[in-house]
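Heads up: the structure comes next, in structure tokens.
The chains carry the letters A, B, C and D, assigned in the order they are written, with residues numbered from 1 in each.
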Amino acid sequence: METFSDGVFAIDITLLTFQLKAPGLKAATSNHTLALALFQQWPDYIAYFISFATIFIIWLNHHRMYNVIQRSDVRFMFYNGLLLLLVSIIPFTTSLLADYIDTPANQLSSGLYMLLFAGISWALFIMWNYATDNYRLLKRPAADVRIQNVRSSLLISTITYTIAAGVAVLVPFLSILMGLAIVFYLSRLKYHRAKVV
Amino acid sequence: METFSDGVFAIDITLLTFQLKAPGLKAATSNHTLALALFQQWPDYIAYFISFATIFIIWLNHHRMYNVIQRSDVRFMFYNGLLLLLVSIIPFTTSLLADYIDTPANQLSSGLYMLLFAGISWALFIMWNYATDNYRLLKRPAADVRIQNVRSSLLISTITYTIAAGVAVLVPFLSILMGLAIVFYLSRLKYHRAKVV
Amino acid sequence: METFSDGVFAIDITLLTFQLKAPGLKAATSNHTLALALFQQWPDYIAYFISFATIFIIWLNHHRMYNVIQRSDVRFMFYNGLLLLLVSIIPFTTSLLADYIDTPANQLSSGLYMLLFAGISWALFIMWNYATDNYRLLKRPAADVRIQNVRSSLLISTITYTIAAGVAVLVPFLSILMGLAIVFYLSRLKYHRAKVV
Amino acid sequence: METFSDGVFAIDITLLTFQLKAPGLKAATSNHTLALALFQQWPDYIAYFISFATIFIIWLNHHRMYNVIQRSDVRFMFYNGLLLLLVSIIPFTTSLLADYIDTPANQLSSGLYMLLFAGISWALFIMWNYATDNYRLLKRPAADVRIQNVRSSLLISTITYTIAAGVAVLVPFLSILMGLAIVFYLSRLKYHRAKVV
């Protein structure tokens, strides 16, 4: 199951590349016009970077979670399928953000972008809660696993993403900064007391 | 062999994402026009969701099947290749469904969509029959494997998909609901009495 | 190394799907016009099927080869990289074939298509020769490995693909039939006397 | 972690294929016009080949590096994520190079192309330095690992790529030849004294 999920994560993170396209300029181009055209694609670069970093961190947390989980059941697989479904939509909201961040529709596009991340963070939270409830699917001695700590951290990131989606209505760029902050926050989350990366 | 198949499944499930495209609106867009354009893409979302869920469930059954199979031979690999060939066509029928579900050609597009799923379910049925006939390729003690149960379940899902393809000629949307019901049915299929997900 | 190669094979075989596109019909379509448009795409289906079957068989032979190879060196990795480079070009020649098989340029497109397969078969032949020369990289007791048998079989398929490329200049469709025959021939190739699929 | 990275490498190397497209000719084509159209795509073939070879060699070095690394920590994963981010941009700079190598903008496009490779080489250098500093993350007895040798080689290739990016301003084609030379240089780099490919 983890191999299959890893595959989906790896493909989604590379599919983002399609967002980056060589500008289609007419015949008589100079270095100057190409530089200008590349510069005008800045929303693509920002959206690409944030989505890449976010998928990478979500994969990292998913990987750490599976490190301490021993068993699986039909319901947990359903939750995992839901997570993969949401992660697979990231390239779509990324192109929405990149195409509309410099238009009057930037509030809706950045709001949806953050809302999807909130949903993904919430799916991770549900997975972790289900797996650790009564130590249901845990692998190692439960005492070593930071159950409560991870629970509250995933809840915090879900709430912050939701707030960021709300902030997008007022100041789209601020919501994007909040998204980057959560990526940094989630990168430091530890699921196990022992040294397992 | 299973790693290679897993790769093909993982790639096909993420290739579906290409169905979802940011609407190409002209310069002066507002949040309202973007919301409307996104809303009008509803056939894409439905087709994406059903195909994603179906590929996920087919992968799950393929994975469970390989859990109880020990050996392989040239003919079984041929059947597996056939399954992968059919699964790889899903993104094609998905875009057919999404593009034509709200046109007068929705009967043909949803019919073909269901017919492909019938073929895939039939390929799984053939694989299982061949592997379990005289316990040909089985791994664990055959007594623990639910041979008959899985055989009839895969036959039922094949027949139901075929009926759904017929229903598509009369009521396309009903056939899609039948497809979702089979996904739920196949998600609960057990290949082994012991707790193996 | 084999995992990486398997990944490339799995991705190439699914990238072929992009050859299959839902026909872009205008608004007022009926089931009849859609069926006609789908039918007129027959070159796409043929090209898709042959390329899928060929990549699958090449992967199978590559997998069987790695089953009996124990070591690796820089030169063998170079040959393997060459094989992957050639396999990655298959989606390109496939779209060439599909786009031009029903035009006067079908001789060139089917000729190039077969020539690439000849090159791939030749790369497999070179890999096998290098690995088995003086039992250089072999895993199991060399007596059990069908060195000579595989060598001549890969040489035969290389020559037949080259002839098929030549036949394409006279009768393009005959060359395609020859390609299918080689796929069948290569599917039965055994690298080891013991039962290893 | 290595499996996930391998997946990203395998997908990026095959995504390059999208650079190669069958020429879109009008109806009445002959073998001659198709051959001409294919010939005129030569920048695509060159760019495809160099990018393929470079990704393959970067993967090879990444793979060899992981062969001698035992542990991992958050900071090393961050460096690895940076490497994957840069590698994922290769298909973008490749299409930039292919689209503009025969226009007056070839200096900028080939310069950016080489600059990205310099960045990737630098990321490998940073990873290796961090992992081997005080034998921080090493697996095998440090005496067997060619720490200094690899350090200076990666530094040399980073500097050469940067010079190649500068040379691109004067003679774009010369910078591309330099890129090929570095690929050959990096293919022979040994991370361990023992025979590990």
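Definition applied: a residue touches a chain if its C-beta (ideal position, glycine included) is under 8 Å from a C-beta of that chain, and two chains touch if they have at least 3 such contacts.
This is a predicted model, so every value here is computed, not measured.
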item	value
Given subunit A and subunit D, the chains that contact each of them	none
Contact distance in steps, from subunit B to subunit D	2
Fraction-based call for subunit D against subunit C, same above half, different below	different
Per Cα centroids, the chain farthest from subunit A	C
Rotation angle (°) superposing Cα atoms of subunit B on subunit C, nearest 5	90
Centroid distance [mean C-alpha coordinates] between subunit B and subunit A, Å	26
Chain centre separation in whole Å, for subunit C relative to subunit A (CA means)	37
Residues of subunit A whose C-beta touches two or more other chains	3, 7, 11
Topology of the chain contact graph, where touching chains are joined (line, ring, star, complete, other)	ring
Chains that touch, pairwise	A-B, A-D, B-C, C-D
For the subunit C and subunit B complex, residues of the former touching the latter	3, 6-7, 9-11, 13-14, 16-17, 20-22, 24-25, 27-31, 33-35, 49, 52-53, 56, 59-60, 63, 187-188, 195, 197
Subunit A to subunit B touching residues, read off their complex	1, 3-4, 7-8, 11-12, 15, 71-74, 76-78, 81, 84-85, 88-89, 91-92, 95-96, 98-100, 103-105, 107-109
